[in-house]
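Each of the two complexes below includes chain A, the first together with chain B, the second together with chain C.
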Partner chain A sequence: MALLKLRESQIMKIHYLTGIVALFAVAIHILFRLIMPFGQSLLYQNVISNYHNIFYALLLESILILISIHGFNGLRIILVELKQSPRWESTITILVLISMIGIIAYGTRTIVIASGL
Partner chain B sequence: MMSEQEENKKATLKIYRTNYNKNESSYYDEFEVPVNRWTTVLDALLHVKSYSDSSVGIRYSCRMASCGSCGMKINGRPSLACYTKISELNKDVIVCEPLSNFPRIRDLVTDFSQFFGHHKKMEPFIHNEKVSLDIKDKDDLVEFEQSPKEVDDYLQFSYCIKCGLCYSACPTVATDSSFPGPQALSQAYRYVADNRDNDKKTRFNIIDERHGIWRCHFAGSCSVVCPKGVDPALGIQLLKGHMMGFSKNDKKVANLRAKNKE
Partner chain C sequence: MDVAASNSKDIATASSSTSGREGLRGWLNPTRYGWERVSYWLQRLTGLGLLIYFIGHVYETSSLTNGINAWNSMLQLTQTLGGHLFLLFVIGASTFHTVNGIRLIFTESGKGLGKPGRPDYPYHAASLNYKQKSGIWVAILLACIAMLYGGMVLFGEGR
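== the complex of A and B ==
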């Protein structure tokens, strides 16, 4: 599996990059709450209409992917430090990858359904 | 002239005792030792060995913070016993314990094999394929030329005396024994920053692994405890920069930090 063969420096480059880009994406997401009074922006009709805006849906999808990659790699790092055996490291990497893909798939499904695509 | 009060001053030395080879459970022994303004913890320990209990296990050699043998935890902080004055601790009870993150042998003596193993793994010598390593080929031997400025790029990292205090203070080493530790990684940077060395790739391959340089979370405790003023945390961050490709200014940063410390 190519992902398991990535060097740690390559994984960390992805980790830092996703973290930085996610900061900006989340900032835009929060700014969307400020275009109208906060309570009003969370009303059902407004939330659904946001989802119907294709750019907003893409923003949510990118946040989902960026945060999942960054967060699950962070979890992998914590778990890898707990035990020192190649078997444990590979198992953790595979489990984290499966969980990450699962979360992204489920989140994408939600975004697609809500956006009415 | 010393005042009478200064002459009669005493401190209590609380020493961690055990012998792992005999499966003894650990305990603390207390000894009262005379203390002057200039008495170091090592002086006090040697006083205990001479006049109270010769069986106390300690490792020491130069008594002047050059050999790095007498590293131990003094009042909970990794320090060199020969470099720590009792009067500067401002405590009447001095607790001496073996260094954390090292396998213990007896009393204050710890096993440095793993620590030196990590150091050796970094190949701490100049890699230069233009120069023959075979000493018999004397005609092939060339002079390594280096300007004082080029020496400054790595000089502070070459002051390391391998005392193990940074390794003992590192929170990552505490949970991950495969992590090379601040000493080995800062030595890797010392050779990467050396312009005579031209094989960064080999060293990067050694440290770019699951339990390598990326497991440093920049707690910075290594730099706080270093008795020689080396900043291993800085070396590790500069090395990370090299590996990420942001290495243009690292030598300037190292120079500035070294100058600020002076």
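== the complex of A and C ==
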């Protein structure tokens, strides 16, 4: 529950930081699709070989975590802007945290299985 | 008589909206405000769109775990004209969201806001200056360029 007690200014710093770091991580992720013709880069064998590269798998995991935090916090900000009350805000925060953890867990499962770890 | 009727109408209108809340309709109304409001609106809409795309992308790539057939059938769904047009929207939305987000980080740290001064007629806010406006235009321009490049890659068999 410590996450619920973070000040809004601290949460915004996390929001900005995750956004900036994700920008570089996603840029590398996109470059992996552009180092060969786009259609060829999506072939099953090519994608699986990307996942078997441990550095690329770590990059994907970091993108998953960064974008989840940034995206779901953005959703929380929008919903809190629309309506304000302590009950609404804590309900939204809890739902957003659950969704965030769910997406990270589901994406991590894909990365672990596809990379053969 | 007409003035009195007009005044009573104004009072009635004011008392019917004492809460001052417009909810989602007020949030989506860009007409009374400048480009800053359009930028605020686009930042949130592109953010929501990108979050939906991200969740879909995580689900889409999970088909890798079910083998080559599952992956190929998922590709058949996404590697279509509609899928490519949707990807073009994602490219434009992510570029705008990124560039405008960087502008907002600078704004929140006080960069490019101008000096505070006495509010004189015609009450132009120092914070809503050309630097802020040009940041919004640069974000829109870069989004268009990114979409153009993305279109060349997706539709042109290029790299």
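Methods note: the second predicted complex is superposed on the first by the 117 of 117 C-alpha atoms of A that agree within 3 Å, B and C clash if a C-alpha of one lies under 4 Å from a C-alpha of the other, contacts with A are read in each partner's own complex, and residues count from 1 in each chain.
Keep this in mind: a residue touches a chain if its C-beta (ideal position, glycine included) is under 8 Å from a C-beta of that chain, and two chains touch if they have at least 3 such contacts.
In this text the structure is predicted, and so the values were computed from the model without any measurement.
Colleague: After the chain A overlay, clash or fit between chain B and chain C?
Modeller: With chain A aligned, chain B runs into chain C, so clash.
Colleague: Which partner, chain B or chain C, is in contact with more residues of chain A?
Modeller: C
Colleague: Contact-wise, after the overlay, does A:I113 reach chain B, chain C, both or neither (first, second, both, neither)?
Modeller: second
Colleague: Check whether A:V21 is in contact with chain B, with chain C, with both or with neither, and answer first, second, both or neither.
Modeller: neither
Colleague: Touch test for A:E81: chain B only (first), chain C only (second), both, or neither?
Modeller: So A:E81 meets both chain B and chain C here.
Colleague: Could you tell me if A:L97 is touching chain B, chain C, both of them or neither one (first, second, both, neither)?
Modeller: A:L97 sits against neither chain B nor chain C.
Colleague: Between chain B and chain C, whom does A:E8 touch in the aligned arrangement: first, second, both, or neither?
Modeller: In the superposition, A:E8 contacts chain B only.
Colleague: Where along chain B is the clash with chain C: 111-119, 183-191 or 219-227?
Modeller: It is 219-227; the other listed stretches have no clashes.
Colleague: Residues on chain A in contact with chain B in one complex and with chain C in the other?
Modeller: In chain A, positions 12, 16, 81-82 sit in both the chain B and chain C interfaces.
Colleague: Where on chain A is chain B touching in the complex?
Modeller: Listed in rising order, the residues of chain A that touch chain B are 7-9, 11-13, 16, 77, 80-82, 84, 89.
Colleague: Please give the residue numbers of chain A that touch chain C in the complex, ascending.
Modeller: Of all residues in chain A, those touching chain C are 12, 16, 19-20, 23, 26, 34-39, 42, 44, 47-48, 51, 64, 67-68, 71-72, 74-75, 78, 81-82, 103, 106-107, 109-110, 113-114.
Colleague: Quick one: which bits of chain B touch chain A in the complex? Just the residue numbers, please.
Modeller: 172, 175-179, 204, 208-212, 214-215, 243-244
Colleague: Which stretch or stretches of chain C touch chain A in the complex?
Modeller: 23-24, 27, 44, 47-48, 50-51, 54-55, 58-59, 61-62, 64-65, 68, 71-72, 75, 79, 94, 98, 101-102, 105, 108, 153-154, 157-159
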